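The following pair of complexes shares a single chain, subunit A, combined with subunit B in the former and subunit C in the latter.
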Partner chain A sequence: MSNRDTYNTAFTETFMIETKDLPGLKYQDISAWDSVGHMALMAALEEAFGIEMDIDDIIEFSGYEAGQAILTKYNIAIEPAV
Partner chain B sequence: MSQAPAHPGFDINGIIRHQRNRYPVLLIDRVTDVDPGKSARAVKCFTYNEWFFPGHFDDEPNVPGFVQIESLTQTFIMTFLCMEEYRGMKTNFVSINNVRFKRKVVPGDVLKIEARLTSFKRGLAIGSAESFVDGEPACSGDFVVAVPEILDRYKPRG
Partner chain C sequence: MKPVPDLPVTLRVGGRLSDITRQPLPPYAPEATAFLAALSKQLLALPEARQFPDIAAFAYWCRPASLARLQREFGAAHARLGRGLALHIAPANVPVNFAFSFAFGVLAGNANIVRIPDAGHPQVDVICDRIAALFDDPAHRRIAAMNRLIRYPRSDSITATLSQLCQARLIWGGDETVSRLRALPVHPRCVDIAFADRYSFCVLDSQAVLGASDTVLAALVKGFYDDVFLLDQNACSSPHLVLWHGTGQAEAAQGRFWSAMTDYLEKNYDLAPVHAVDKFVHLCATAIALPQARATRRHDNFVYRVRLDSLPADIERHRGRNGFFYEHAVDDLSCLGEIVEERYQTLTTFGIDRATLVQSIIAQGLSGIDRVVPVGKALDIGVIWDGYDLIGELSRIVHTA
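Entry: the complex of A and B
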């Protein structure tokens, strides 16, 4: 499974949405991505990639695209979408 | 070398200082012991004077399931609200799973509750609790509880 697949799966399984809904998705765009959902997403990503995120990165993680940039700090490169 | 003394738990005034539930929904009477960040045990004594018995049911009084679940949950949240940095914070349910009711609880019963905290991270508490009457299992469930005051510290800035 590619890093993008892993990244996408964290979103789709946490928020019960489809992959096509991910581009442009931002915090509070959908009801599932509230403060509780945000913590669930961070936990899913940490488990999936075996990392522990800093509080500043969790706060900056404001959207699907922003999150990809943040993960590069943890040496996780999300491949370009095909 | 002697071991550190066990936490003595909390009487009703101690419970009130550490959690925000009040009458008629404060549903534990005493925390008998607590291992902060790990586990807690509590008791709830049911008398016929409880507010719900006349309605559940007038001819067969027994403790409603939601009351039993709330007793489990209030024991569960004491596993972390007992710690000074979280004392008195409000909590919300996120999910309740695998709830089982195994016996009827009636006036005169003493519910003994055991709760375990398996994870407490960034304002989300995950764990389980089970209760017993006279050593017989009464109710059990798995819980995820949020602490909004902590969650707010991690909200994206937008």
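Entry: the complex of A and C
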């Protein structure tokens, strides 16, 4: 699985949404991505990529695109969307 | 080893008491972390996690990345093993603390018998149901064999029987419970971790509050709300006293902070009428009992503030609930030495350098204050709590020279 697939799956499985809904998605845009959903998403990403995210990065993880930039700090490059 | 008898208790999670496996594991054993990681994942996926933020907070705390960090911080200076059987008398005031207490015992490598609070908090059953489901999974057979979650009405005879069998007791519930259970004969090697009644307070820097951007102020207000109103000041780490650092700007800073706080409460807090009445009654009692009480401000029925012109040494006896605060302004935080005694647990801060404050607590040799954390973190329980390194206390060192 590509990093993008792994990244997308964390969102789609945590929030029960489809991949096509992901571009532009921001924190609190949908009811599933509330503060509790955020915790579940962070836990899912940490598990999927085998990383431990810093609290500042967890706070700044404000959207689907912003999250990709944050993950580069952990040497995880999300491939461009095809 | 003396067998564990089958006592007249309700077995909420796990098999018979007499079948419990007491052979310990080392701290942070793979069986323990795998179990808690699975529990974390299940709880975070539950719809109830949205309804009960405290369940979500517990689940988030025991996610794999967080456990890995704790394990690293715990270190490997000594070879260690769990002490054996740990008895947990969980508190009734904070619904999810039984789960934290249980998790501390599991992480330390112990077998655990946890007396959970009676029904009344739905969170308890939500978590117990998930633990029970995981215990049925053969992957968690070892943890299932080592742990029991039970209920029984307050009974010194049951607690006494268990106390003679266990190598550690975690006694929550305050002074009265602690002294009652301390009177019982215990296993000679038993270690008690006793959580006495504690008092917590908050220091806000006047200038920092006035200079904060609207976003920072909003985060401060939300953090203060979480510390105080999620459990209506019933947790011993919730602040009851707000000290303002910087007398010159204190009044302006108070105006800004409390008006933002009141706005937030209007939107987010469901004030029970009885709590409004309780606060008024408590205000009357305070006016009679506390000569230092100089003035009072009320923000609708949400917040009562009582200004103190000096800090009484026994301020902790006058604590209010549901949004009742004492306030005092100071220019020099070294005055803490005059009021802080062993009862003081958590100090939450905003705009104050915490490392300097901790240094000053050490330098002054204060008998209280175990935690100095940012506003918003008062209720964040963890493996270091109440001045104890819980995993260290709950495990023993196997030393070699």
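In this text, the second predicted complex is superposed on the first by the 82 of 82 C-alpha atoms of A that agree within 3 Å, B and C clash if a C-alpha of one lies under 4 Å from a C-alpha of the other, contacts with A are read in each partner's own complex, and residues count from 1 in each chain.
We take it that a contact is a pair of C-beta atoms (placed from the backbone, for glycine too) under 8 Å apart; a residue touches a chain by one contact, two chains touch by 3 or more.
Being a predicted model, the structure only gives us computed values, none of them experimental.
Once the complexes are laid over each other on subunit A, subunit B and subunit C cannot both fit and instead clash.
In the superposition on chain A, no contact is made by A:N75 with either subunit B or subunit C. When the two structures are aligned on the shared chain, A:E47 is found in touch with subunit C, with no touch to subunit B. Contacts of A:M39 after superposition: both subunit B and subunit C are touched. Looking at the shared chain after the overlay, A:Y27 reaches subunit B, while subunit C stays out of its contact range. In the superposition on chain A, contact of A:I55 is made with subunit B only, not with subunit C. Residue overlap on subunit A between its contacts with subunit B in one complex and with subunit C in the other: 35-36, 39-40, 42-43. By the touch criterion given at the top, residues 94, 121-124, 146, 148, 151-158 of subunit B touch subunit A in their complex.
Interface of subunit A with subunit B (complex): residues 26-27, 35-36, 38-40, 42-43, 55, 58-63.
Of all residues in subunit C, only 40-41, 44-45, 49-50, 53, 56-57, 59-60, 63-66, 68-69 touch subunit A in the complex they form. Note for the complex: subunit A touches subunit C at residues 34-37, 39-40, 42-43, 46-47, 51-53.
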